[in-house]
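Please go over the structures that come below.
After this come two complexes, each holding chain A, first together with chain B and then together with chain C.
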Partner chain A sequence: MENQLSRNKLDNKNKRKIVGDKILHAILFFLLLLASSIIIISVVFIIIKGVQPFIYNYGTDGEILKQDIIAFFTSSRWTYNGMGGVPFLVLTTLYVVLLSLIISVPTSIFAALFIAKIAPKGLSLVIRSAVDLLASIPSVIFGLFGMGIICPMVREIAEAFGTQTYGGSSILSAAIVIAIMSIPTITTLSISAINAVPQSQINGSLALGASKAQTNLKVILKGAKSGIFAGIILGIGRALGEATAIQMVIGNTSEGSGFYNIFMPGSTIASSMLSGIGEASGLGYDVRFSLGIVLMLIIIITNLILNAIKNYNKDKQKNGLIKRFLDHFRKVNDYVQK
Partner chain B sequence: MTMSKNKNNKSISLSDIVSRNIKNRRFKDYFTNGITSIFSFLCVLILALVIGYVLIEGSPYLTANFISTNYAQSSVTLKTDSEFVLDENRDYSDLMRYEDTVYSDKWGIGIKTKKDNDQNDIYYISEISVNSPFNDEIIRADDKSIFQITPDFYINYITVKTSDGMYITVFGNDEGGAEAIVSTLEQGIAIQDSDFKTLGGGIRSSLITTVILILFTIIFSLPLGVGGAIYLAYYAKNTRLTRILRSLVDMSSGIPSIIFGLVGAAIFIPIMSSMTGAVGGNVITGSLTLTLILLPTIVKTVEESIKSINPSLIQGSLALGASNFQTIFKIIIPNSLDGILNAAILSIGRAIGESAALVFAMGTLITAAPSLTSSNTSLAVHIWYILSGEHPAYGQACAISIMILCVVLVLSIISKVIPILLNKRKTKGVKQNVKPIQK
Partner chain C sequence: MKKNLLVVALIGAGMMLASCGGNTTSGFDTSKNISLYSREAGSGTRECFFEGIGYSDVAKEDLWNEGVNPAKPTSNADMMSKIAADEYGIGYCSLDGLEGNTDVKALTFKGVEASTKTVVDGSYELNRNFNYVIRDYSADTSADAQNRSDVAHAFLEFMETSEGKNAIQSAGGILESTASSSTLDDLIAKYPVLSGSETVEIRTCGSTSVEKVVTALIDKFLGAIPNKNITIPMNQTGSGDAVPGVTEGKNGVISDLGFLSREIKDDELALLSENNVHGIMCKDAVVAIVNAQNTAISDATPETLASIYKGEITTWAELAE
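Take a look at the complex of A and B:
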């Protein structure tokens, strides 16, 4: 009798355990669904809200006020009153990011090489920590730094070239700020890519008589190429979407004219989403969602193109590396035979 | 082969070539090492420049006043009643007569100097005698109510009426300072007009809002992220569904924060306003938006940490008859504490530094009294706001930046130290449990 009772108790306990497990399982699954549905919800909401300015009438008193769809794709002037066009914003965005890469890519790659392979341990730890700290500084502080230091610097440079700037707020300033912000990202990924190059390759290169510099540049950097490229892709993604820091230093013009001149002010997509937000309402507010769609499209397209290039290079590299190795071997053989 | 023939013809020995080659290579080595070191010191230089600029510009502004005052300035216009005439024989013996205070024996007040948030001298009434007309005979110009002046208000200007019917005005920013104000007051028999202001430009409300924002962000994002991570690491089998879910989580880390700001504004602000009647963004919509940004990162961080747990611990727990529930709460969560703490640190860092998303989701209005249902600013948005006006306030922005940088520095030190401590314990425990098999 007693035995029966305790078994019942045990059964009940087990049942409760199983039910508890099932509930927890369901809850955790729901949480995962929530985390993974964020991107879908975001895209859907941005599209719904971003299409509104083209469809709804924001005007009062019988006026018609909506975003002109033809102007949106053709006008070279960006305004918030329904007649603005994005081409100049898109071009400036890409231009700024491209300029920033000129600064950030060499800096990051060489810094990563120095940290991972050349510097003594203590020094490399110090520089590594500095890069990590640089990565954790919020973008608004980079914007402040840009306004306080880089804009005056750019103004001086422009004066040396004999051109005027609007207090230094220019495309060049934005590119420098963005470069500074993307250096930590590219450097960190490059370091791990460099560390992933197999030691046997490095040893092989050194044993074949290559100097350390030759090994660093021709074996390690070549071997880490795809990893470094992945870092650059990530850096570009960050740079395309950066709003605050750019908005603070780029000058926020609506005209598309002088965008090829690096000393002229401009506007990127993200910066024009942000500028004047305090007073925005109605169409002026909702049209920022339309810009959001454009920004997402550009990020997706850029990523696709860059990834395609990366994969193409990877396929080529396989042949290239072996071929080059054989070439190298042949040359060394020739040298020894002499 | 033609090359070597040429060389032989010029009769250069092999050792010559080698030694020249070695010299050449050594120079090349130094050259490339030099270039790489220059570029990496550039990174350090940039960091030093950013920190140095912020410290030098901001440190004079980082005062107790700056932290404790609100951004918004309130002002009050005071005067005496039209029939008021100051009688000479009042008893002001209760004044404390401090050395650094200038006293007006006619009006029974003491005026002191302090610095405002822009490092200018300002003058305020620090002491009022019991019998002073400033106690109960000064009225507000707008609604004629009696106004008790407090040390929070500083003097903008005072216009007094003299006994021969003249008006004299003294401004708070005049050359003479407190003495000039007192000497003007001494000549007057009534106050025709005066303006007092509270100190503005402080960050009190933004600071409080930031703390609330951090708290809410952790409350919202940690349980959600840890839950999702546990499912991915513990329950999820390698099915098509989980692969899709995982790649969706991965993808959302590539979306820029300003897009999340728009999404947060489009989803949470309408929901909040229908629930509480609040108009526009507030702290809660801000922290929900930050949760959107952070959730994928937290899921990834915690999942990595759970995967690094020694599987024998989990298997042992299950073999001893513990349910999944017990295993999760007794084994997985305590052992992935380093990942969870890292996620918390990430959340704090993001909540402090994020600006673009919060501009949309929380608003840009710097309010005097932080509240849960009205538009507020965090410290980062505060910086953005005071720099985007006509006259950017660099000093104050740098002062706020110093505070943010301090927090960021402390967080990054914690994030490096705590995992090491926790991991040491973790591996120690495992080592003790697993005994080597003896032959």
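Take a look at the complex of A and C:
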């Protein structure tokens, strides 16, 4: 009897627990729906708005004014009168990101190596918190820093090379600012990747007589490769979408045939979207959403390519292992048959 | 390893410091290229400048000639700081805010220096009017429409009082006419709604360039009248929306006051009835500016400015010839 009672009690307790679980599930599911619907709604909204300039007529008094679709993909000049083209914006965006990677990737990786393995504990803690702090600084601050420090610096460099810049407002300045902005992201992820390399591998390398520097460069960095790569992917994401800081230092031109000259001003997709939006109306406003679609596409494609490269590297490693295993198996087989 | 890294870090820091301090004045080299600066498409300042120098092709859109590719600062202040940083740059900005700036040099236009005085007497030609236009209330006899009509007309008359003129001047507007003799008290006596307690909302529309002046006016006006239930929300989108905004309305909403940073065009005048009162609120001047170290130019004619922006003159030396 008593047993029965306590069992009932237990059942009730369990039931209550189960109900609680279910409620929690429902709440979490609702939050999931909310979060994902915000993304979906904004993407759908941008796509609908961005397609409008190609379809609707924005002209008044019988004029026809819409975004010319052929010009959009071929013209080398970005304007808001319906004849603008994106190719140079796309090229400049990728170019700026590439230049910034040349600066940020080596800096971040070696900074991460220094923080994780070489620096004394106190120093590494200080630098690490500084790097974390840097990651949370808003981009407009980097833009101001760029205008005040980087641009004059680039002007001096250009003078040393005997060319002229627009007071330092140039593609190089934008690349440097973007590099500074993505360094914290790449560094933080690289530190985690380096820390994840097993101590046994490091010990093994040292025991085999490799110097500390050799171990750091050849064992640790190689082992942390895929984590570092993930950091670079995130850094690229931040660089591609950056508008405020770039717009403040890149100069915002409308013609991009000379974009490869790093001392000349240019325009990226995001900076063109932002530049002059306060005065924009009608077609000039809606066409910025079309730029938004292009930017989203570029970010998706870049991420797909980078992930493919990452997976390809992994596959190659795996194939190598299997091959080695098979080779080994064959050797054993041969030995046994002898 | 540690030592090497330290050395590299020190060299890097040294380079940065060196370049920070290096704001050297190396003298003005006229063989250098002119670097062009222009405000972005859609800016009223840009429209006024290029209409004023007779190169209206690029007044509204970036239809520059082949090889011409100006950098585009995004505001008046940005324009001034970019020109201050570029010895060989040329640009233009609104006269408002240029005072006291020693990093840039304002060019005289056809030999006339831009100032409140020269704009008012008409000798400085690179200027524009800020115009207003009011809604026609004659068709609507409801009490609300009557109240809105009273507030809108009171606001227009307030612009002419000395308080209103002070507000315009404090926001950088240049005034041509002197203040009317009426005071704010006269207005409150004339329009009972200003001292009542009715809830009245009048809306503004039109140019974004007038925003600073109109905001100053609204603050002064609403702060001075006893009826605190009157509100004046602003919805500035561009000069082109002013006349349509007060006549047929935009998105089903007809505004009460429209502002333009240019003249009202003939086809816009055709839309207005005699009850759509319109006139000049104040003036603004646009000034061509170069870096303070620039010795190659101090006076600009419309022709030289146009050929600089057309890409016919590319170096400062060519300009001197």
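Throughout what follows, the second predicted complex is superposed on the first by the 288 of 338 C-alpha atoms of A that agree within 3 Å, B and C clash if a C-alpha of one lies under 4 Å from a C-alpha of the other, contacts with A are read in each partner's own complex, and residues count from 1 in each chain.
In the analysis below, contacts are C-beta pairs under 8 Å (C-beta built on N, C-alpha and C of every residue); 3 or more make two chains touch, one makes a residue touch a chain.
Predicted model, so just to flag it, every value in this text is computed and none were measured.
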{"item": "Joint occupancy of chain A by chain B and chain C, clash or fit", "value": "clash"}
{"item": "Winner by number of chain A residues touched, once chain B and chain C are compared", "value": "B"}
{"item": "Which superposed partner A:F114 touches (first chain B, second chain C, both, neither)", "value": "both"}
{"item": "Touching partner for A:G168 - first (chain B), second (chain C), both, neither", "value": "second"}
{"item": "Touching partner for A:G204 - first (chain B), second (chain C), both, neither", "value": "neither"}
{"item": "First (chain B), second (chain C), both or neither touched by A:I149", "value": "both"}
{"item": "Touched partner set for A:P106, first chain B, second chain C, both or neither", "value": "first"}
{"item": "Touched partner set for A:A213, first chain B, second chain C, both or neither", "value": "both"}
{"item": "Contacts of A:P87 with chain B and chain C, given as first, second, both or neither", "value": "neither"}
{"item": "Steric overlap of chain C with chain B in the superposed model, located at which of 40-48, 58-66 or 76-84", "value": "76-84"}
{"item": "Residues of chain A contacting chain B in one complex and chain C in the other", "value": "110, 114, 118, 147, 149, 212-213, 216, 247, 275, 278"}
{"item": "Complex contact set, residues of chain A against chain B", "value": "17-18, 20-21, 24-25, 27-29, 31-42, 45-46, 49, 106-107, 110-111, 113-115, 118-119, 126-127, 130-134, 136-145, 147-149, 180, 183-184, 187, 211-214, 216-217, 237-238, 240-244, 247-248, 270, 273-275, 277-278, 288-289, 292, 295-296, 299, 303, 334, 338"}
{"item": "Chain A contact footprint on chain C (complex, rising order)", "value": "1-2, 5, 16, 19-20, 22-23, 32-33, 35, 37, 40-44, 60-64, 68-74, 81-83, 85-89, 208, 237-238, 240-241, 267"}
{"item": "Residues of chain B that touch chain A when the two form their complex", "value": "1, 4, 14, 25-26, 28-29, 31-33, 35-44, 46-47, 49-50, 53-54, 57, 223-225, 227-228, 230-232, 235-236, 244-246, 248-249, 251-252, 254-260, 262-263, 266-267, 292, 295-296, 299, 323-326, 328, 349, 352-356, 359-360, 364-365, 380-381, 383-385, 387-388, 392, 394, 397-398, 401, 404-405, 408-409, 411-412"}
{"item": "Partner chain C, residues of chain A touching it in the complex", "value": "61, 77-81, 110, 114, 118, 147, 149, 151-153, 155-157, 164-169, 212-213, 216, 247, 251-255, 258, 264-265, 275-276, 278-281, 284"}
